[in-house]
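Per-chain numbering from 1; labels A, B, C, D, E and F assigned in written order.
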Amino acid sequence: MTILQQNKQYITENIAKSRDDGRKHDQTREISIETGILGKAEGSARVQIGKTEVIVGVKVDIGTPFPDTPKSGVLMVNSEFSALASPEFENGPPREDSIELSRVVDRGIRESNTIAVEDLCIEPGEKVWMVFVDINITNHDGNLIDAAGMAAIAALMSAKVPKINEDGTVNRDGEYKGSLPVKDIPVPVSVGIINSTMIVDATKLEEQCIDSRITITTTKAGNYCAMQQAGSHETTEEQILKIGEIAQKNGKERRLIIEKSVKK
Amino acid sequence: MTILQQNKQYITENIAKSRDDGRKHDQTREISIETGILGKAEGSARVQIGKTEVIVGVKVDIGTPFPDTPKSGVLMVNSEFSALASPEFENGPPREDSIELSRVVDRGIRESNTIAVEDLCIEPGEKVWMVFVDINITNHDGNLIDAAGMAAIAALMSAKVPKINEDGTVNRDGEYKGSLPVKDIPVPVSVGIINSTMIVDATKLEEQCIDSRITITTTKAGNYCAMQQAGSHETTEEQILKIGEIAQKNGKERRLIIEKSVKK
Amino acid sequence: MTILQQNKQYITENIAKSRDDGRKHDQTREISIETGILGKAEGSARVQIGKTEVIVGVKVDIGTPFPDTPKSGVLMVNSEFSALASPEFENGPPREDSIELSRVVDRGIRESNTIAVEDLCIEPGEKVWMVFVDINITNHDGNLIDAAGMAAIAALMSAKVPKINEDGTVNRDGEYKGSLPVKDIPVPVSVGIINSTMIVDATKLEEQCIDSRITITTTKAGNYCAMQQAGSHETTEEQILKIGEIAQKNGKERRLIIEKSVKK
Amino acid sequence: MGSDRPKKYEKLIINNKRLDGRTLDELRPVKIEVGVIPSADGSAYIEIGNTKVLAAVHGPKEMFPKHQMNENRAVLNVRYAMLPFSTTERVRPGPSRRSNEISKVTRHALESVIFLEEFPRLAINLTLDIIQADAGTRATAITAGAVALAHAGIPMKSLVAATAVGKIDGKLALDLNGPEDNFGETDMPIAMTSTDKNITLLQMDGDFTKEEFKKALGIVKNSIEPLFEAQRKALQDYYK
Amino acid sequence: MGSDRPKKYEKLIINNKRLDGRTLDELRPVKIEVGVIPSADGSAYIEIGNTKVLAAVHGPKEMFPKHQMNENRAVLNVRYAMLPFSTTERVRPGPSRRSNEISKVTRHALESVIFLEEFPRLAINLTLDIIQADAGTRATAITAGAVALAHAGIPMKSLVAATAVGKIDGKLALDLNGPEDNFGETDMPIAMTSTDKNITLLQMDGDFTKEEFKKALGIVKNSIEPLFEAQRKALQDYYK
Amino acid sequence: MGSDRPKKYEKLIINNKRLDGRTLDELRPVKIEVGVIPSADGSAYIEIGNTKVLAAVHGPKEMFPKHQMNENRAVLNVRYAMLPFSTTERVRPGPSRRSNEISKVTRHALESVIFLEEFPRLAINLTLDIIQADAGTRATAITAGAVALAHAGIPMKSLVAATAVGKIDGKLALDLNGPEDNFGETDMPIAMTSTDKNITLLQMDGDFTKEEFKKALGIVKNSIEPLFEAQRKALQDYYK
């Protein structure tokens, strides 16, 4: 058995009793959030959950609306798994995981109506605001979706909308009309199941032992706005319902941390 | 010798006398054509030749003409060799064969003036009809070009042109201006040469024994409008001329089947 | 040791005394330049340096300016390392080298203000001239950047700007407004360092022994307008300064050859 | 969700019936046929309402490219694709971010019931072509995929079928059709095993309270059986 | 075929002569030079009218990527490319659907005369760069390719040359030039072997009756000899 | 170089001081931190003025793809990337022609000081992510890369640091910032070894006389030391 296999066996066998780093099953590592860290982005945030670190930059630009939605602005969530962040990302980043991560974060924001695309219209059919949310993984030690989701919403909450110059171009000299209108604070919480034990905020090592991962995003009102199951094991109805409750509770706690990080 | 090699040797040695499935050299497997099979496409057809099956969908949309042909609509023929259709298509589809197939079908339609691109103009320089003919191979048992060519023309003949809404967009509620103007019925007939024996409608197994394949597309008038030779063997003038005649005869028969399928 | 390794060792050991083909260290192989060789390009040149051969075609077309530079035309330098030119280019061309070559040639032209993009404006914000400089390597026997740089400027100097038809399109019947406005004659000179010996115009074999290559482009005034170091060895300040002088001297000689080739 | 509605979809539920006549917990009509693609090792054609899908299995066979081989079990490769003519607006051929994600969740939805460990180092390739799309394409593809795998003789612990439950005009409804998906508030695709009704796919977009979520899960569990029956019947009909 | 004609091309045939002075069954002037690319194993430069092509052969050499190797014979790889400056409108660099198809038919046109079985597991790479395009680029490329292969010492049963026959203003004409190709009705590229005048490439676009087709084939057969002569002369001149 | 200047950058030098208060031969403030990326074998974060770069080293490790392996020495792979949010205009993710070229010259700038021959057949991967760009990104990346390599324990002959020297308003100036780069006449990025002040990267755009060039080289040589000091201090602080 390789060391990795031994580690995995150890974790799997002991998870019901205790976690490798001593945390409780529903305990998240220390979360630290800093906003406004990037000088050239209209909004930005760095989120650390334990050793996992994610940077998100929000760029706001003027563009043309899609022909079928002339009165709606555009919100785009993109993620790059930089080769920096993990030895596994070096031989080509994990495209599928990167797409899934950005789409799950995107859905959390979109389905909670956090950014109402109608609010981003400047001139129907002609000019709208385009909001690019770019997620960059800086260090991967598990639970990337939760870290990315928190960083994305914190960056959006910190984002400003530039003034428009007289010639119709975006003012890039640091003059702003105001904040980006952000209506909710969707927070994704991912729960891993190892040998029927549910854990919150799995580390990279724990993720390698996971049977299933369920991510549930909740809104300020405590409702569910997005879900995503992953992993090649079945889950029961009871487990799923329990995870919904865990997501509500943890989402509430994390939402407070996000709010505090943006206010300061 | 592998089984495939034994099969190939058997076919090659016996082709002058008889075909594996008992058909005559110039006999096509049973052809079945069904049109109007797809609810979201403006035109569609399924063609089966023996076990070979091809689905074609025609989408009609409004677009901008190319700058150098402001009064002409656009006709595009595209084909995808789905991994469904054959174990050989799984490790990446055969790009070269797929491009050739769509280009040979395209030329048959284009060179016979079946769709006059001038008829597709809505407003010169501004708006034209764009006709997309998408070929999808569903099961590959040889003779894909002939099946695709028949499915493409049958789908075009069954296609309708949508009404235009007052705001200039395409009506997608099923209201139509009329049929797509289709002026001819080009039919490709492919003839394979194995050991100097000419056969029509080769199966996949026969195709693996073929020295050369010549595809000749004929029009209603019986003229030739497109040709394509493939394979790394020489052919003689006499063979080519003979194949021209075979294409005329078989093309006529197949044209009747196509016409019948569209009328019902 | 392979023959290639023996050759490399021989060259490296003897370079201080003599070069393989008997040339002096600062001597360039015979240069031959021919312009106006292509009938469908607005400008063209073939440059041969020894057995190295490069063809450049200049295409001039009308396009839309970039939004942030509405009064500027567009100059694009592109290079393709055809599989023709060298056995090493066959398994995919050396993308990195090809990009570097075209960017070094591009910078020489751009930084010397040889083509003032403001001169390429037809109608501010609407229509500008787009000048495409396409470099094609025909035979690779070393010193590609110098050959490409000379061919590019010779092709530009020979280029004509077409008349504009009444309907605003480019006249393609061979009627011209005049020459392309070319203000300088930037000439790149590459110097290779083998075992501390500096050589000009390295052959392909010599290039395989090179520690570092420094390319310096000079203008008519004898100033430096672009530089590029390559290779994984250090160079000293003294070497660099010396190479600057070599580039001035050789640049001047080559500039005369270019001017002569365009006049005839 | 929630774009401008044309008049004919102003109300999606009238007198507790949906516009296509179904009750709120009723599946769309389902039709499954097995063995439709002769050159595949297993295949199925499925229609659920107006959504039509072809599924084909090739394998177990040699893995390509080799470096993706797993020493201990077979690798299930899933390719989900919307054909260009499957929707009102033509779909550009080739993989998209959406189809990449769906291929992944579909693979997960099916892996849990396959005895992959019986075929170390090999590949099982499942291709899912959406011929016509009218909501629920991933659920329909999963339902078809399970049948095609069974038809290919791949040993499985259980069948898997999938559908969606959503919220339209404020009410929970099973197996949304096209307009319900476009103008409804919430969509939750779910896949379940036939043996235990365990969940192998769960996605959700929209808005559910905790109570709605619980009720929604219950509706699927209570009403999904006809899909398993259709799967079994199609397989039996084929071997008759 | 058949777009709006400018005045100067209103008639393409006047008094049985074409606008460039040729008779209907006359080839354009041809010029071939061998050994023009020193680093290649074989090479040729060709001009047919205003169409100019460079051809180079590298090999027989190791196959890359290896999995495309054939145990029993050499693989001929053909890369046909229009250089960006070869036509009036700049051509985007990189392969296109058109160049992919032409590479394929060109490969077929030449494979039949090469003793590929003499070099199992190896690759012969033929690169065909269109320097200037004025109709007939694939035919010209094939004619050049055959010479480059011979120059590289690849054993061949026969030479191959290619030209086109078409219909312009209702009449059959050999070896169409640019305007004839643009404003003519039919274009049929053909490649033939020098030994038996057998056909190794046949494509056709446009409209031919059965009789026209037969006559067109005859014209090529009767008038293609000068191309073979030019090929042989170029090879002899090189070895002189 | 030399585009229309906004009013606030009409003069870049006033009383021999630059707009940010620096003298002509003064570097921007530099801050380096080592070990910022726990999962990497070596890493560094650097700020030079408003330019911010993350560098990480993975390796020496197995080469992938294998056919790029070198039997005699390690291969240094460098990936330089501007993150999408690093500049005023969003940068499209993925490699560009510019980032390709910079990755190459950066690799050359660092290879000369690494004992690559100690790790035959292996790969050393250096990733350089530009978090924020305000001129001098390649120089800053090289300075960070050298520290990350040292932190990874890769044996090196010397440190390497890089900066730029340019001409603004006709005068030579060290380490251009954003506006100086945009509105200056000349920019010359240079990398030097800490031991001999030998040059491992040299690029130049703009206009230098022979005398200016000589003087510019001298300015770098005389003023680059603070970068080496910052590199050494960051490494010492880490091991304290």
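By definition in this document, contacts are C-beta pairs under 8 Å (C-beta built on N, C-alpha and C of every residue); 3 or more make two chains touch, one makes a residue touch a chain.
In this text, all values refer to a predicted model and were calculated from it rather than measured experimentally.
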Check every other chain and keep only those touching both chain C and chain D; list them. none
Hey, how far is the Cα centre of chain A from the one of chain C, in Å? 48
Rounded Å distance between chain C and chain E, as computed from the means of their C-alpha atoms: 32
Chain D-chain E separation of Cα centroids, rounded to whole Å: 52
Numbers and ranges of chain F residues touching at least 2 other chains: none
Which chain B residues reach two or more other chains? none
Answer with line, ring, star, complete or other to describe the graph linking chains that touch. ring
Let me make sure I follow the ring: beginning at chain A and going to chain D first, which chains come in turn? A, D, B, E, C, F
Within the complex, which stretch of chain D touches chain B? 37-40, 43, 50, 54, 56, 58, 61, 64, 79, 81, 83-90, 93, 125, 127, 129, 131-134
For chain D, which residues count as touching chain A in their complex? 1, 3, 97-98, 100-101, 103-105, 107-108, 111-113, 188, 193, 196-210, 213-214, 217-218, 221
Over in the complex, which chain C residues touch chain E? Could you list them? 38-41, 44, 51, 53, 55, 57-59, 61, 78, 80, 82-87, 90-91, 132, 134, 136, 138-141, 172, 204
List of chain B residues in touch with chain E within their complex: 69, 95-96, 99-100, 102-103, 107, 111-112, 214, 216, 219, 222-237, 240-241, 244-245, 248
